[in-house]
Amino acid sequence: MSGIKVLILGGAASGKSEFAEEMVYSLGPKWRYIASAESFDDEMRDKIKRHAERRGEGWQVIEAPLDLAPELAAEDSRPVLFDCATMWLSNHLFAGSDMATAQADLLSAIAACPAAVVTVTNEVGQGIVPDNALARQFREAQGRLNIALARQADCVVQVIAGLPNVLKGTLP
Amino acid sequence: MSGIKVLILGGAASGKSEFAEEMVYSLGPKWRYIASAESFDDEMRDKIKRHAERRGEGWQVIEAPLDLAPELAAEDSRPVLFDCATMWLSNHLFAGSDMATAQADLLSAIAACPAAVVTVTNEVGQGIVPDNALARQFREAQGRLNIALARQADCVVQVIAGLPNVLKGTLP
Amino acid sequence: MSGIKVLILGGAASGKSEFAEEMVYSLGPKWRYIASAESFDDEMRDKIKRHAERRGEGWQVIEAPLDLAPELAAEDSRPVLFDCATMWLSNHLFAGSDMATAQADLLSAIAACPAAVVTVTNEVGQGIVPDNALARQFREAQGRLNIALARQADCVVQVIAGLPNVLKGTLP
């Protein structure tokens, strides 16, 4: 038996993480937070700190910038908040990973997780075409990853100004 | 008794202003237009002129680049079109305002307005992460402002290619 | 008698072309593909090749970077996939065309087409304001074109992570 799989899509500062947290709260009495972000600079450190303060007690924080499989395979019924697939993608591109393999491994690990998994991801493709090739590659890779995550999710929600736009399934 | 509060969200050239105008027309026989834009350059002057020509008679235009409170507190039943919160935010950031205070004041003024208020705002967070820190700060501030405006609105509508995607409440 | 007119809107790598192809498959046993893209560089050549391989047999490919009217006027019942209006717009801006005329011609040609026409277009206005004036002009022009295409379409669908968000009409 496998827990519900939810994908939360949104732009920057759209309220997607807060929305995802509220959903995870409703799925169990204790929770796991899989953090993809690494503290490279002050801007990112501030953001991680703000998010952690908002969450408070009851969360186990697991840092997994590249490989989520060991954590997701655990026999643990606590719902998982995976925040976020965009940072995970960025980490892999930076590390020079084979993206097809990395993506396939991520998708399998999420699908097989016995607990509920709420994945947060960014919409990055609705602006003007970026000048530099790397940014264009990133948004292609992000778009393909989002499509794959959405395909296997039970529920997909776009968050706009903190409000849900349900694209697939029903809110748990 | 306070009038309905509506938030209209959309990308650039999405038809959000036209949609907002049509809504305001349906809310009263005469209307107020609170303009945040200032005529810094030809591009902006052209845009303001195009919008004004489209609106025509029956509108009182109030220029309020920073502080809307006096106008919104007026005992005046004419519905207000506030176009737009993005330019207002930009004006405040440029002026070096304390944003927490400015945002709290704006939210209170809208909530307390006896007339209907239709606020137009931009979605700016669905593109690739901008290169420069100022642009990243702007989209963070815009995102947070949109979430706060949406939270207190009776009705929130995203406009895409001129078409409404209702996210909260029902169209007035 | 004129075929159904559908507009498919989406960001980069949102799955909009795949979604549009699936829709066109459901509309007839054979299909026409109107390609706006020209093979300027390797990145574009790769993309065109990938799309063509995905489509396979049963498609007639017509290259029409600027003028679709002759093809759309043909007495031919095979549904048309026009991919995409963004590249078409870019070609016209690059060619220095009069955009008002070009847009009016495109809209008339689509409206008058005896066959079903599924038009794919990009959402480019939901990121931060671009630094350069040309990019700002492009997103204005794209926004206005999308509004005009949506206004005369029977059905408008936004595609997000491969999933449809129906904005107008019902899916054929």
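Think of it as A, B and C in the order they're written, each chain with its own count starting at 1.
To be clear about the criterion, contacts are C-beta pairs under 8 Å (C-beta built on N, C-alpha and C of every residue); 3 or more make two chains touch, one makes a residue touch a chain.
Molecules present, by chain and UniProt name: A, B, C = Bifunctional adenosylcobalamin biosynthesis protein.
Just so you know, these numbers come straight off a predicted model, no measurement behind them.
Overlaying chain A onto chain B using CA atoms gives a rotation of 120 degrees, to the nearest 5. Interface residue usage between chain B and chain C, two copies of one sequence, is largely distinct: under half of the residue numbers at the contact are used by both copies. Chain B and chain C have CA centres that are 31 Å apart. Counting partners per residue, chain C has 11, 123-128, 139, 165 as the residues that reach two or more other chains. Within the complex, the chain B residues that touch chain C are 10-15, 43, 123-128, 130, 135, 138-139, 160-165. In the complex of the two chains, the chain A residues touching chain C come out as 7, 9, 11, 123-129, 133, 136, 139-144, 146-147, 149-151, 156, 158, 165, 167-168.
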